[in-house]
Amino acid sequence: MSALELWNEIHLELLAAALASIKLALGALTIGLVLGLFLALARLSGKGWLWRATGIYIEIFRGTPALMQLFIIYFGLAAIGITFSSLQAAIIGLGLNASAYLSEVFRAGIQAVPKGQTEAALAIGMTRTQVMVWIVLPQAVRVMLAPAGNIAISLLKDTSVASLIAAPDLMLRAQDLSSQYFQPLEIYLIVGAMYFVLCFPLSLLVRAVEPDR
Amino acid sequence: MGDVQPLVRIAGLTKAFGSHVVLDGIDLDVMPGQKLSLIGPSGSGKTTLLRCVNHLEQPTGGHVLIDGQPIGVKQRGGKFVPMSSTELARMRMSIGMVFQRFNLFPHLSALQNVMIGLVKVRRQPREEAREVAMSLLGKVGIAEKADAFPDSLSGGQQQRVAIARALAMRPKLMLFDEATSALDPELVGEVLGVMRQLATEGMTMIIVTHEMRFAESVSDQVVFMADGKIVEKGPPHQIFHEPRMERTRSFLRAIDSR
Amino acid sequence: MTDLFTWLPRGDLLGNILSTLLLGAGTTLMLTAASFVVALTLGFVLALMRRSPWLPLSAIARIYLEIFRNIPILTQLFILYFGLARLGITLPATVAAVLGFGLNGAAILSEVFRASINAVDRGQNEAALAIGMTPVRSFWSIILPQAFPIAIPSVGNFLVGLLKDTSLASAAAVPELAFRARMLVSETYLTSEIYLTVALIYLFLSLPIAHLAKRAERRSLPQRAA
């Protein structure tokens, strides 16, 4: 079967699977963003034990492969009685992973806001929370957008790893279809192209918001 | 003198960064309505002293009283404990500060910069805040730039917005931290003009400055500091024309020979 | 007596597990090192191609970059495996993996090199030209040596990422650490113990790399004139 004929046969399945990948990525991204912000603020709170604890968390998730993290959450936790579906494990695992990277991006963004801004806001009687919400974070976001965007794109690509714990995603569907149609090369090339179509425009978008060099 | 209490009382104030002593025992009173200028060479501690008044710097010893109330610490059963961030914020509402680098909020327009304190801190309704802010911008002479953002304003204009922002909180005391030092020379006058106007309206002001002629014309008291200590303090005529300490004299000589 | 009895087989098992994992770690390191060399060389060539004034060359480099950056590495590995098979080339899985990681890494490193070259102050090139150097001589003798320390942190980062990515080769039965771990778990059912140990091993492998990168950066920085 030619690639085009193959595409006509399976494109609906592949698109559905791509949607599953996107949903996976969005779920993980949400966890990553929320937890990441929380971690960054904890890190910046000035309390020594929080700095150390968050530091360890970040080191662990950045220093071990995502695949391992998924294995531990899916297989490892099941062995001690906590069972997640492969989808849940993938969202949690990739989300925790992303949160470690995002927290560093958030921290850098917040620290990039000049100290004088905080001082001026404090001087007019704002509380520290008000300073963070109305003055620091709005300015920090500008710095954070590009790196956070890149992490989001990596996350989308990393959903492919979820296929290795049989979570529903594009790569898993590709594996199934390969054993059905016996044309793995064509199928994976199509899948590769689909990922490209998803990620490339996003990377252009991220580059557009990057501060000019 | 009567029994009017000082608006600002600084007693035995010391500040050290590690082993580096920046303030070495400062005692100073500022009465309501007084204008006090702090002059001295860089590194003398004058900016640190100013920042201790609104507790942007935490003293390592001594205390600062604003209208009889200690700032940064409070009494609890005979001991002094640090103030909560909310209590500190509340005290800072009555102290206005103008910074050398303006520190305007770049993501807000001039009008919004002035309004944000009124809306978020004093919790005034937006329309009321807008009116107050507009009139303050008019007072400092830039009502027409209300919707401009800081990056399109000159240094002098930005600093005047900063003054309006501080005034919006209706402070009893205004602190000026070298408010004109970062300005191009031709813009200095417009800011000094606003400061002068505030002075004639009776605002209590502590001014850290290098503008000696301005300090002389506007102040009731001038304090000369060096190496973390007050070397000499007195009325402007004394400090600038009949200084009693040699250190003061040599400082003024060095300034003059520019 | 009974204590000794129950200990001995476990001791054997433990030794077996540890030695298998260590073998796996060795393969992982080898994979990483080999892929790194490929990625460095090809990445440098690509960076030079990007700078070429000849449009076709820079365009090819640009297209290569975008393709390899926007497709998951797992997909790239699969395409490579099946592509090679289709072309009739039989490579051992490990070699194919090195090729796959190397090609992907080259794209990433080409961007790192491009960024570090651009980060060298423009005035350096101007000064070199002003004393009569050709642009080529200026590039190799003045710009590149300064771009090198600038690149080190990003290259170090990349290397850590590469180490972790090699775990994906387990999907192709390459006997690296993740693969061995999976096999051991299916044999012994000591799921959490083994995976946690493996995670620790990866951690112990990645932390020194980050540390070395920091040391290498410090050492290669030009000495500041006193």
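Letters are used for the chains, namely A, B and C, taken in the order the chains are written, and counting of residues starts over at 1 for each.
Everything that follows uses one rule, which is that contacts are C-beta pairs under 8 Å (C-beta built on N, C-alpha and C of every residue); 3 or more make two chains touch, one makes a residue touch a chain.
Given the structure is predicted, the values throughout are model-derived calculations rather than measurements.
Any chain that touches chain A and also touches chain B would be listed here, but there is none. Taking the CA centroid of chain A as reference, the farthest chain centroid is that of B. With centres taken as mean CA coordinates, the chain nearest to the overall protein centre is A. In whole angstrom, the spacing between the mean C-alpha positions of chain A and chain B is 46.
Computed centre separation for the pair chain B/chain C is 55 angstrom, with centres defined by C-alpha atoms.
Between chain A and chain C the centroid-to-centroid distance comes to 21 Å (mean Cα coordinates, whole Å). For chain C, the set of residues that touch two or more other chains is empty. Within the complex formed with chain A, the residues of chain C that make contact are 66-67, 69-76, 78-79, 82-83, 85-86, 118, 160, 164-165, 167-168, 170-171, 178, 181-182, 185, 189, 191-192, 195-196, 198-199, 202-203, 206-207.
Touching chain C in their complex are the following residues of chain A: 59-60, 62-69, 71-72, 75-80, 153, 157-161, 163-164, 171, 174, 184-185, 188-189, 191-192, 195-196, 198-200, 203, 213.
On the side of chain B, the complex with chain A involves touching residues 54, 56, 85-86, 89-90, 92-93, 95-97, 99, 101, 103-107, 116-117, 120-121, 162, 165-166, 168-169.
Interface residues of chain A facing chain B in the complex, by the touch rule stated above, are 114, 116-117, 119-128, 130, 134-135, 138-139.
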